[in-house]
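I am attaching a structure below and will ask some questions about it afterwards.
Chain lettering (A, B, C and D) follows the sequence in which the chains are written, and residue indices restart at 1 in each chain.
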């Protein structure tokens, strides 16, 4: 199949590029340590950050377009070294339209202790529907990380997983939703950490978590829901 | 009664809109997680943030005007999902001119442990007149949160309450005063937290708290007091 | 004696005004909670922040000029409610050319536990010549705070004192030096706090503290020393 | 030998000057407390920050050029008081093209307890190849600090050392690489600190550290490697 770029691809390159500024703004990334990708709607084309380029230097033109196997279709630079992990998610969770990876400090601190983040905040019940789960330790360079993400998140309410000794991966219906999940992951990881420093937070009963999650997913925000969160 | 907008309503929309930037500036909010409302002076009209709109996109025109029962009188978007909690405060504490809600991290960390914040700083005695009290766990979607706020703050010196497992609500004679209270709540929640990490802070005797509170409420700032703090 | 303003007074108003931006920049203040003052060189005229004015609204014209007893000589607004504490320092430590007051969070956390900050960093030995001492608990509204500052700092190497349950006061040969001391106080208060969270920092032998302090005070920076640090 | 400036010297002055903004941006420095130097490629000329000048006032023209013994060849100001420590590294590790010194708070907190930072994050394995080692306590004013850095880093994978009770020194093939190492040092020092506050992080097996380090040093980033990281 011959690849031809489209206006939809160019638009996704602009959106993915711009969303990296949100990672910086909310303190999720250091130097070049995080990345965003997005699926061009209705296709198997993935737009992702190039490897090792600093956030200041990112432009839509530098974004890399690949197929689901990581073959570069557009772009002069190599894709992020995390691309294979993103692609495994897109291949096996076809409803996924965006993936984000960070080493945001509070969430990664939980991951280094191999502890999921317990649901003790109503905002966590809203956004994550319960705890943020822990994924396995896995080395980069194969599909091991991607498999660990998929096996942890499939069938789970949470759009975020913390990977042991590593960091955070989040998914969403589009890249902006995945970025929001990454931002909220660090926010709740921090608040729950601070709370536990001086004692044990009060758990929220499961039935209340369920009510909060249901309301937030179905009622919150403007109606009809805009295309992006 | 037919609703007609007035210059006072438009001015309050501009003020409430602008004050959201203070929530961002002082680190109280993440993504779209906090909101400010204000009562148009001398009326039962409430101006509040629309639901799910990011702070960057807020304009005075997007602000929502409702009556005390939450009926939308002006504005194309749905009001904040916290509007019912704000309205319960306005209905039952008629001297209230502004309400703020945040999940600011240090204050919310105390709330997740269900602990009031003890008064061990002269700045707390000034602003809060003692501890920052804890309100009950309550689910969104009814007037339960609003009732919990009112029952905790009525007759209390503190303009701030931390709601268990949830976050902060503050009140003021106008929206700016409520924003100041939210900013100071996070400031003292943080300092007292840090202090307690390495031992027990020294309590301030009640008589000294009373003296400090009295002086600050009656003497501090410019005389005659400006309309806003 | 009749008061007449001078170019030196106007210059000091501009310098004191501008230095408040440094308090914000380095995270030492919240809302209106800190203040800088400066003595007009060779006089008993003190320039200080007006009370209750937000940092964004400060202009050189709003600065207040007083004599050493706090009598307002120039300016339309009331001086900072901390002015009497500043003035007591200027009266009794005539070599002082600048005073700064903050509630910076890490330093105030030590103050709330009534603990001096131990000297376990070479940067502390350089700047403070040893620990940052603790001053007494004292109420605002008399010269009690000022006396506590003077009695703690007189004859001490440290340009900074943490006042129990309250916050930080620093002094300097001019306002910029006092601001630098306030910035470094928070910096070392934070690093020593973080260090002690996971164990006991290694003390620096007194003889090495003395060597570091001597070198820094006499050799560091450009020679000849500029008028301001 | 007579010194003559060259375009390469002027370019290095511009680069070293600009990199100080990265120290501020990533929160590694306070007031004037950190510095960057660079070796002009293929020479024994070192470009370094002048002493006691604030970051806002730095310009390429103010940078100081010295030989390896610290003799000033170009520039009106005295070099950083840390210049002798930088020079000892350049003299004894001739492959070094850049050196950075900071008192970044989390890394310095480990240094104050005289503890190396353990490798419990895949990002640490990537960048540092294992723990970040501890160097000895040493006084400024001789070559003691420089010797301590060299003896700790020579033959070690880590480009960073934390010097007891003092702070961080990092090295690189050029100044930008050394700045990146300083930024990543604070990042991992913070995350590992936060993790250990609530328990013991899970160690990464040495064989996995070795695999991660090898991949990152040899595969990561764009190929062919640009001149700067």
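Details
As a convention for this text, contacts are C-beta pairs under 8 Å (C-beta built on N, C-alpha and C of every residue); 3 or more make two chains touch, one makes a residue touch a chain.
By chain, with names taken from UniProt: A, B, C, D = L-ribulose-5-phosphate 4-epimerase.
Worth saying up front: this structure is predicted, and the values here are computed from it rather than measured.
The chains in contact with chain C and with chain D alike: there are none.
Shared contact partners of chain A and chain C comprise B, D. Between chain A and chain D, two chains of identical sequence, the interface residue sets overlap only in part, with shared numbers making up under half of the total. The mean-CA centres of chain B and chain D are about 45 angstrom from one another, to the nearest whole unit. We define each chain's centre as the mean of its Cα atoms; on that basis chain A and chain B are separated by 32 Å.
Among all residues of chain A, those that touch two or more other chains are 197.
Because contacts link each chain to exactly two others and close back on themselves, their graph is best described as a ring. All chain pairs that count as touching, in label order, are A-B, A-D, B-C, C-D. Considering their complex, residues 30-31, 33, 50-53, 77-78, 81, 103, 105-106, 108-110, 112-115, 137, 139-141, 164-167, 193, 196-197 of chain D touch chain C. Interface of chain A with chain B (complex): residues 26, 120-123, 180, 183-184, 187, 190-192, 194-195, 197-202, 204, 208, 211-212, 215, 219-223, 229.
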